[in-house]
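Listed below are the structures to be examined.
Paired with chain B in one complex and with chain C in the other, chain A is shared by the two complexes that follow.
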Partner chain A sequence: MTCSLGSYAQSAEDKGLAIAKERKLRDSGWGDSTGEMSMILRNAQGDEVERKMRLKSLEITNDGDKALTIFDQPLDVKGTAFLSFSHAIEPDDQWMYLPKLSKVKRIRSRNKSGPFMGSEFAFEDMSSFEIEKYTFKYLRDATFDGQASFVLEQVPTDNDSGYSKQIIWVDKQHYRLLKAEFYDRKDSLLKELVNYEFTLYLDKYWRPMRTEMFNEQNGKSTELVIHQINFNTGLSDNDFNQGTLKNVR
Partner chain B sequence: MNNSWLNFSVNRPKTVIIIGFMLIIVTALGAKNLYFRGDYKVFFEDSNPQLMAFEEMQQTFSKNDGASIIIAPKSGNVFTLQTLTLVHEMTEEAKQTPLSNRVDSLTNFQHTWAEDDDMIVEDLVYDLADLDPERFAYIRNVALNEPNLVNQLISPKGDVTVINVSVNLPDGDLTAEVNKITASVKALTDKYKLKYPEHDFYHTGVVLMNYSFASFAERDFTTIVPFMFLTIIVIMWLLLKTAVGTFSTVVVITSSIAATMGIAGWLGMFMSTATVNVPTMVMTLAVADCIHVISTMLYAMRQGKDKKQALIYSLSLNKIPIFITSATTGVGFLTLNFAAVPILADLGNLTAVGVIFACVFSLTILPALIMVLPMKQLPKQLSNSKLGNTERFGEWVIAHHKRILPFTLVLTAIAIGFSFKNELNDVPTAYFDKSTEFRQSTDFQQKHLSGMINLDFSIFTNEDSGINKPQTLQQIEAFSQWLSAQPEIDHVSTITNTFKRLNKNMHGDDPDYYLLPNDRELAAQYLLLYEMSLPYGLDLTNQLDMNKSATRVMTMVKNLGSKELTALESKAQQWFLTNAPNLKLTVASPGLMFAHIGEANMASMLKGTLVALILISCLLVFALKSFKLGVISLLPNLLPAGIGFGIWGIYSGEVNLGLSVVLSMTLGIIVDDTVHFLSKYRHARMAGNDAEQSVRYAFASVGRALWITTLVLATGFSILMLSPFALNSDMGMLTSIIIVVALAVDFLFLPPFLMAFDKKNTKQELIHE
Partner chain C sequence: MKTLISLIAFLPTIALAEIEYSGSAAVEQRYFLQDALYPQQERANLSVYFAPELYTRFNDGNDSILFKGFYRFDQQDAERTHADIREFKWIHSGNEWQVQTGISKVFWGQTESLHLVDIINQTDGVESIDGEDKLGQPMVAFSLFKDWGNTTVFVLPYFRERTFSGNDGRLRPPIAIDTDNPIYESEDEEKNIDWAIRWQHTLGDWDVGLSYFDGTSRDPDFVLSTNELLEPSLRPFYPQIQQAGIDVLALMGGWTIKFEGIQRKVMEQDFTAFVGGFEYSFVGLFNSIYDVNWLMEYQYDDREDLTNVVAQNDLMLGTRLVFNDIDGTQILAGIVQDLDYSNVRAGFIEASSRINNHWKWRLDAWLFSSDEPAEPSYLLRRDDYVQFSLEYYF
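Let's turn to the complex of A and B:
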């Protein structure tokens, strides 16, 4: 009796971790990518505003990815660039280039929970998925949008995370993240993310062309639309340092 | 047989009781559908401009209803290891408050400074391990020089600090949520009171005020209001000296209220802060109706009639005036449908229904119950043995009427003059007596920091990223400085403070650069850098909209009345017309919304009730079948309120939300006194008596009932004065005053007036008719 209960409890964590590892594995080896995307911010009233940006990403083995975001719209922040080195455990390194000042400013902030560009996506939502950032627990099987899925609970290991836990739906066939529920530090449901229009790249990597993040507490939402993605464009470490921020185009 | 339908109650009492109660029960069952709505929306029509402005602000920026925890170390210094540790820990735990979306405190203030070529954004007190005397001095210096903090989260002397919890209250009835939030905040404070006993804690904020309103109203409703009802019953019993009559009256009161609330439930109405008064209003007239029937019956029994004959006599004499009183009062209450406040229409409609029920039940169920229940025969009293006290008083009035009339006229004129000293004004925090915890907290806050009323100004550029334009920033800064200079305002939070700090940080913390950026793109990029550094819950969405086209300047206002608040709003609008005509300003906050609705409500209630009283007098022209008496009835109908408010003008001078309900509360009894006296008077006149004889008859037949009614109700309402909740205690006091004044007017003013101005003999009048 005790032995079987122990086995069951152990298998929930082990199974959760195994699924997370498989998910990570299937999205490994993509190298580098560039993309054009928009963020459409909506308030509870239905007003909306659009932000346009370009994104360059570099996959780093054994650590988080590097990302360079270049803002194109609104116009008065055009040319502003945001450089982020994700880390599995340590706080991310972040810099911003302000073209009006012609200066690179380091953002020395421990927070992960802040909103990215005023949107409903937090910094931690935008940085790369790393196994070490969470503990995992398999909850159950479920069907989401007609797709057989695993439902997992993942708990951030970083105290500066804005979340107490996330409930995620991962489809069984391709191990893509279909849906996520984010719970705030009061254990209240805060946000809900749903990915749409998955597209296959390089016969291996799935990317959602559209993502919606809905804030359940204040009625605001953000839609992330990817207009274009290109893989293996020849980016390297040299494209992701403070010096090159000044020369981004 | 004119009285055949009324005699039915006397001849077939058990049938009347059975049928009556079956109908009452069926009607009363609707009450199970009732629910209470205590939210602000019930006061407003959807098109109300203040509500629309407030909701627009709520949608554009994040909500900032809140609860404040005020912390006062006994040491008098917030910047110590112990106190900062307390604030730091408490801030973290306050994030667990239900529905909270933001917690602001001294320790988590997002402080910015320059370090080498970097700008650092970090909690003012991030790591408790770093604290040492040098660090305390640094923190103190930053806090006491930061305009976004002083008077908001830290007192100028550094002896008191605040933790503000912003909550995201849902639409609709907030009672459950307010209770949950309040319980959570108080539990948090209790915990830290034990852990850090060298500190005093206080609670203020809109949530705490809502909680206090609800809990005091509920407490009064379960203690003082029942005590009032009990007092009314006991005094009625003592004065009428009949247990059966008193019991029957209680049955009529209960049935009237139950049936009325049942109708409300069946019609899908909800209870609100206005309609909770309906039972009391219905009770008032039910008491009056029943006392008339019983008093006249007892009079007849003392004349030698048996119970049945006495009841028939009483009903034949009282049915017309009781019906007239109820019908005219009901019509009067229906005029509240013209009020600007939707729940007042409900109040009017329900009370109109209620007074009709009271009328029907007092003419049917009351006599039926009295017939069925045992009642001892009263000792016979010879008609000429001696005059009762009321009759003797009547004789005195008659004997001295030539002097009493001018005396009462002068007194009336003086009192009405004082009624103009009253001002419509609502000071929410003053609703709570100084002995209450909430009032002590708000007074402490006002003394050390600021009032607890927030007034928010939204500035719209209607232009993408319009806030970042240097010209706009200069205008916002000038407006913020103007606000800071207003004596009513204790604190201003404005985005321009942040811009100036960022500009300084970007120039190596050079104090000469504590200026607004002079370039639009520079401002936008500063803002983006800052925004990207802020943690969840401490972002700028409470101050800026998504598009950076609008900003909210948040102020803390002294605990003022509605007049000062609306005046401040007008001044601000005027400032914008003069200094920033290209920008649009809206002013909104719960406090301002209630300031406007309070004024609209009070004006509507006062006007509506006065119109009702005048309308009732017009109806009396037909009901009494005498144009002259109808016109004369205007005076005893209008004077009690005028004189009552004159006395209030001397005593207080402030008319708040609760007092606007007083005229409605007393309308029924005022009309009752007038109608019964005049109808008895007219009855005697029609019988061929002169004015003097008719006055004597009116005193003899209805005088006792009138003063019993007055004493019963005035004493009952005066019980409300025991409440520490001004909404109820002021209402109780003024209601008692007006009820007593109404009797005085009908006994001292009306009879001499009639004797002076109604001298034509009846036959001549009959010819004219």
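Let's turn to the complex of A and C:
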């Protein structure tokens, strides 16, 4: 099934694409999940603020996934819900429910390079991984954190992306994203992401319990800590409808 | 007695369900920049509000009960000191459908400067000048969520009167409005059964809503009358109306196009009003993380009689600056210019930022320029104000 990875006459682009497809394949079929997480925002001086949120996700085959983020902290945005339909090629569809006005507001997803909740994650970093979003190139093999890895370059196909390219480290055994470097539009290193504490779910799906995004240019960082994930929770399309968004808790 | 027994039988399930308690409270200091027009009015005003929220769910989350209360105490204006149940409803959800019963709040529409289509809830007029604060509306609402859109039918069995500043309050006409003696066209008065239907759908980059309302107008007309002391008074008159509405939002590159239009039939007369415009976003201005949005909206109303129509041929220009910082700092500033009278305009600023997880500050300012007695904003010509609020969330 994955024998193409070993063929020696392959171009760097073909090999990169094959690795990316294998990465996507290994993370297919998880269905739906719910989770609780914290986002810890740190400035260059080391001051920190904690955000709390819950996440509901639904896997959509042949398109991007659906995700619903419900904010619990800071308290002034408690009850705010962010609904996102990721798409492979077209811009994501996104809505925000603002409890104060009981208003569901459509968000321009071209704003994808903008910060998510004042963090070092951009909106596009929160979107699901889809093959069509990038062109790939295999660069080299390397060892990261003691794990044999492929190093790939992925260039966003969307001109509205805030990145000129990403360099990613994917481990050879499980095809998990270990590390990513994000380069800004001027091709300077902007951010570095590292995933820690991988945990296995449903005997097949690896999820990092901790993700650190460090901004090389301003010294700020954001840590994403997963407190809990549940799979097979029975979510359906009906849970990701802007009509029910105002009753989300 | 029977109800009491069934209530007691019901209580254990409620007691077992976890009740979430949250809400907000604030202290607001308002300062008016000019001396008042009328002797009872003051220049400074302190006001506080408390808005608790209770929520519980049961039956595997298919049922939930939400309560949102509101109480304001105002230093000067007894009419502005008021309490309201903003929401108190039971939501029952099925697969692709939902029923909401109780007091609720509904928002329809897309534009920023004016909310024409939004008609379910009455405006809580003493709260703010922008009309975005609403009173709780009793209703039964049935919603259907389908591939072809979301449809909701509303039955509204009880009407809420608009609130107005009292004699000691500012932002009012020369004669305070007599909210104790409203006049209704419907012989059922506030018990007239109103109904409405709305369909809303997303088609790619387009969000479209269609709505229809039949019932008591949320916007009153005013009748000059006399009270028991034979002093002149303004009594609100609530006619019956039928209103069809459309609201559209379209994403086009960096542009967001917004439009709302209504056709209303009131007292055997038809009129049309619309508001439309765009928002344009500069993301990451000058290589920073700031976003700057420009807003422009044109407001039109074809009613000749201008007495209570503010937005009849006006242009709103505004800018929203989003700092994208940890504190969520935002500034919205704008101006609404009357295109019929060059000397009639209003300016506003809304700024806010978080202090920490519990506290937030907010600054609001409204400046009115109106030397035109024919315009309703003439009543506010001396009511420019700045308000600083400290909000607490729990």
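Please note the rule applied: the second predicted complex is superposed on the first by the 238 of 249 C-alpha atoms of A that agree within 3 Å, B and C clash if a C-alpha of one lies under 4 Å from a C-alpha of the other, contacts with A are read in each partner's own complex, and residues count from 1 in each chain.
The criterion applied here is as follows: a contact is a pair of C-beta atoms (placed from the backbone, for glycine too) under 8 Å apart; a residue touches a chain by one contact, two chains touch by 3 or more.
If you're wondering where the values come from, they're calculated on a predicted model, not measured in any experiment.
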(message) Quick check on the chain A-based superposition: chain B and chain C, clash or fit?
(response) clash
(request) Mind working out whether A:L101 is in touch with chain B, chain C, both or neither, as first, second, both or neither? (result) both
(message) So in the superposed three-chain picture, is A:N238 touching just chain B, just chain C, both, or none of them (first/second/both/neither)?
(response) second
(message) Applying the document's definition of touch, where does A:D93 land relative to chain B and chain C: first, second, both, or neither?
(response) second
(request) Kindly classify A:L41 by the partners it touches after superposition: chain B alone (first), chain C alone (second), both, or neither? (result) both
(message) Looking at A:I226, would you say it contacts chain B, chain C, both, or neither? Reply first, second, both or neither.
(response) neither
(message) Quick check for you: in the superposed arrangement, does A:V248 touch first (chain B), second (chain C), both or neither?
(response) neither
(request) Check whether A:L55 is in contact with chain B, with chain C, with both or with neither, and answer first, second, both or neither. (result) neither
(message) Of the two partners chain B and chain C, which one touches more residues belonging to chain A?
(response) B
(request) Go through the superposed model and pick first if A:D76 touches only chain B, second if only chain C, both, or neither. (result) both
(message) So in the superposed three-chain picture, is A:S113 touching just chain B, just chain C, both, or none of them (first/second/both/neither)?
(response) both
(message) Going by the clash criterion at the top, which of the stretches 26-34, 116-124 or 314-322 from chain B hits chain C after superposition?
(response) 116-124
(message) Going by the contact definition given at the top, which residues of chain A touch chain B in one complex and chain C in the other?
(response) 41, 43, 49, 74-77, 101, 103, 106, 108, 110-111, 113-115, 118, 162
(message) Please output the residues of chain C touching chain A within their complex, sorted ascending.
(response) 20, 22, 24, 55, 57, 64, 91, 93, 95-96, 98, 105-107, 132, 143, 145, 150, 152, 200, 202, 204, 207, 249, 251, 253-254, 256, 281, 283-284, 289, 291, 324-328, 354, 356-358, 360, 391, 393-394
(message) Can you tell me which positions in chain A touch chain C when the two form their complex?
(response) 41, 43, 49, 73-78, 90-91, 93, 101-104, 106, 108, 110-111, 113-115, 118, 162, 236, 238, 241-244, 247, 249
(request) Using the touch rule from the top, collect the residues of chain A that touch chain B in their complex. (result) 41, 43-45, 47-49, 71, 74-77, 80, 82, 94, 96, 98-101, 103, 105-111, 113-118, 122-123, 160, 162, 184-186, 188, 217-218
(request) Spell out the part of chain B that touches chain A in their complex, as residue ranges. (result) 56, 59-60, 62-63, 95-101, 115, 117-122, 168, 464-465, 468, 506, 519-526, 528-529, 531-541, 545-548
